[in-house]
């Protein structure tokens, strides 16, 4: 690092970040030559809190891991628990769950489109896209009782059914949304000031994307063809006919195209779900409050990518371990690397193009063994014991 | 007695008080139009339909804590907002409406105004330089780079009406279409008008030429470390610069504000609001372009277009058409 | 690519009514079935404490209501009927509606009240008796 390299810290507080995270960039004038990132500012101890609450309480706690992909976390958790309990969810329940999944994808991608426009200063598009996102939020409020944090899942199915009026309303809203979306696609792809900011920026070559195991629309825009809905179907996705959108430009323009394509596909999927909605119960009868001993991994395609939940049960009402791996965790290193070589002006849009959700990301990672030196650092049990002892000694709190 | 009149001109009309009221009014119009184009309402509650919102924003800043960063040169840090505001208010004295005294209308005042309008940009750069923060530094370098991009097309575009009228006095240029009877010189200068609008937008550092102060990239650019009264003066400087720039473009390209105080004042109001309307549309319709894209856009498109316009005007003038 | 392709749409918006509501000066409408503040009907409560057990954020307390002279006298040979009161800590409630779902007697329901901000903590402690 010679004298002309300036190090600027971006974060933990910065106008472009919606949540705290720390980035350090080394810049030469306007060009970025080095980048590092640091997370952990949003750690709230949710995994630990799950170990003291029964399964039903955990559902609503895990919802609050993230506001935008709240349904992803509850569904992934509930699917893991249902697998441990060997519970079969009735088909209507699965369809309603998938309906909310796709509606959430709609609102999340519309939110991202607005935020991406805002990061490049295109505030008019930001305002108009968010105005149309309100249509989706209104549907979700009618269906589930709240605009975010829908709390519609329960172990064995869903809690609320859909009325005919809501059914018709959803189809009508989708019609309006599709029209407006065509207009935004037209603007987004033909306004030279906008396209000039996103084409060729934040490039992540396809080979590197596959090496770094990135997930979600970030990967699909670099021609990595992964989608959990097709590769490992869950909920009602086995019975749905949909395309997985990929693009090979590997830059932010590709990510815009992929996400907008996914919005269109989601609209089609919602129409299929509503037309083929089966009759029947929405929740499995007689769900036990205790889960038998066992463990399960559940994968879910959140709007941001692959969300993985691991649940271990030990026969009581309370889970023994819940582990959440959010999609942003997989994408963040690659995103930090993709800005090297571009300009300072490209930092906000390049980081925002992975649709970062640092609230989802901040879980604790345990380093068990230092591979190079071979020395043991600490084990999970020791760490847990240390924490309990510390709180007992210093704060007088007994766990 | 004679010394009282210039002081009144400077403080009341066309000086500080008039510019303060009119520029905050124009900021209100800009914010309302920008909001309405985005299907929102804009300011609503302070005063009738929010008309006092810009004034309220400036007054609120006066009551906030004023912090000077630890490593900054205290004197220069505090001088910059005052310097910038003083320069634009002085430039505003030359708006050719009604009061044509030797103090604010003389041959060559166009050049004086153009130089005065370069000072706020310099003040912004120095403000960023003297606040020792990496974001301010990036913002300050961007201010200067942008100055190199738009200054030449700006000057060329404003040179064109001077060539047409054969004079360097703003008042004479603005009434030339009426005094010479050749009203059609207004439409033939449309290219210069467009270039002047775009370069004024760049001088004002509004979207799409927003990079020095890009909120999502460099927090506040040169103004990152400013707060309280100093920030209030910078905001006021930006407002008055919009007023002064729009009034000059209206004077030079749209036929001036002749006709005494009432008719001239009405023309000033209508024409300046029209220019502000155009600036708001430009602000709403584009994304923020990067500094390298600004420089290439200016030198590839704006400068050649203004040269072409100048060529047209010189040929017509040389053939004695007007 | 033509620059300024957004302009016709924006100018058209000038003629339309704004999409923003005048909240808080106009009432914000909520959908039917909105999950607002939990409320309890004390005469239906049997004191099973299922809501307390399943509340995610420990926002509910079910307490035995002390007997008061205005209670009706008990029947011959029977103990006086137990009455319960619910204390709801609105600053802990996350409005998940699990309490309403799990109550066997349908004593809890959620209304549409969502503007629950207040200046004192004590005002957020609701008692239903």
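Order of writing sets the labels: A, B and C. Residues in every chain begin at 1.
The rule is simple: contacts are C-beta pairs under 8 Å (C-beta built on N, C-alpha and C of every residue); 3 or more make two chains touch, one makes a residue touch a chain.
Keep in mind the model is a prediction, meaning the values are calculated, not measured.
> Which one of the chains is farthest from subunit B, going by Cα centres?
C
> Would you identify the chain whose C-alpha centroid lies closest to the centroid of all protein C-alpha atoms displayed?
Per-chain C-alpha centroids ranked by distance to the global centroid put A first.
> Using CA atom averages as chain centres, what separation in Å is found between subunit B and subunit C?
54
> From the mean C-alpha coordinate of subunit A to that of subunit B, what's the distance rounded to whole Å?
From the centre of subunit A to the centre of subunit B is 45 Å.
> Find the geometric centre of each of subunit A and subunit C from their Cα atoms only, then give the gap between the two centres in Å, rounded to an integer.
Distance between chain centres: 29 Å.
> What residues in subunit B touch two or more of the other chains?
In subunit B, residues 37-40, 284-286 touch at least two other chains, as defined above.
> Two or more other chains in contact with one residue: find those residues in subunit C.
In subunit C, residues 3-4, 6, 10, 19 touch at least two other chains, as defined above.
> Any chance you could list the residues of subunit A touching two or more other chains?
Residue numbers touching two or more other chains: 124-125, 131, 191, 193.
> So in the complex, which bits of subunit A are touching subunit B?
Residue list for subunit A touching subunit B: 6-9, 14-16, 27, 29-30, 117-125, 127-128, 131, 191, 193-194, 196-197, 343-348.
> Over in the complex, which subunit B residues touch subunit C? Could you list them?
33, 35-41, 44, 281, 284-286
> For subunit C, which residues count as touching subunit A in their complex?
Residue positions touching the partner: 1-6, 9-10, 19, 30-35, 53-56, 94-98, 101-102, 110.
> Going by the contact rule at the top, pick out the subunit A residues touching subunit C in the complex.
53-54, 56-57, 60-61, 63-64, 124-125, 131, 134, 138, 141-142, 145-146, 149, 151, 154, 159-160, 183, 186-187, 190-193, 195
> Across the complex, what residues on subunit B touch subunit A?
Interface residues on subunit B, with respect to subunit A: 37-40, 134-135, 137-138, 141, 207-208, 210-211, 214-219, 284-293.
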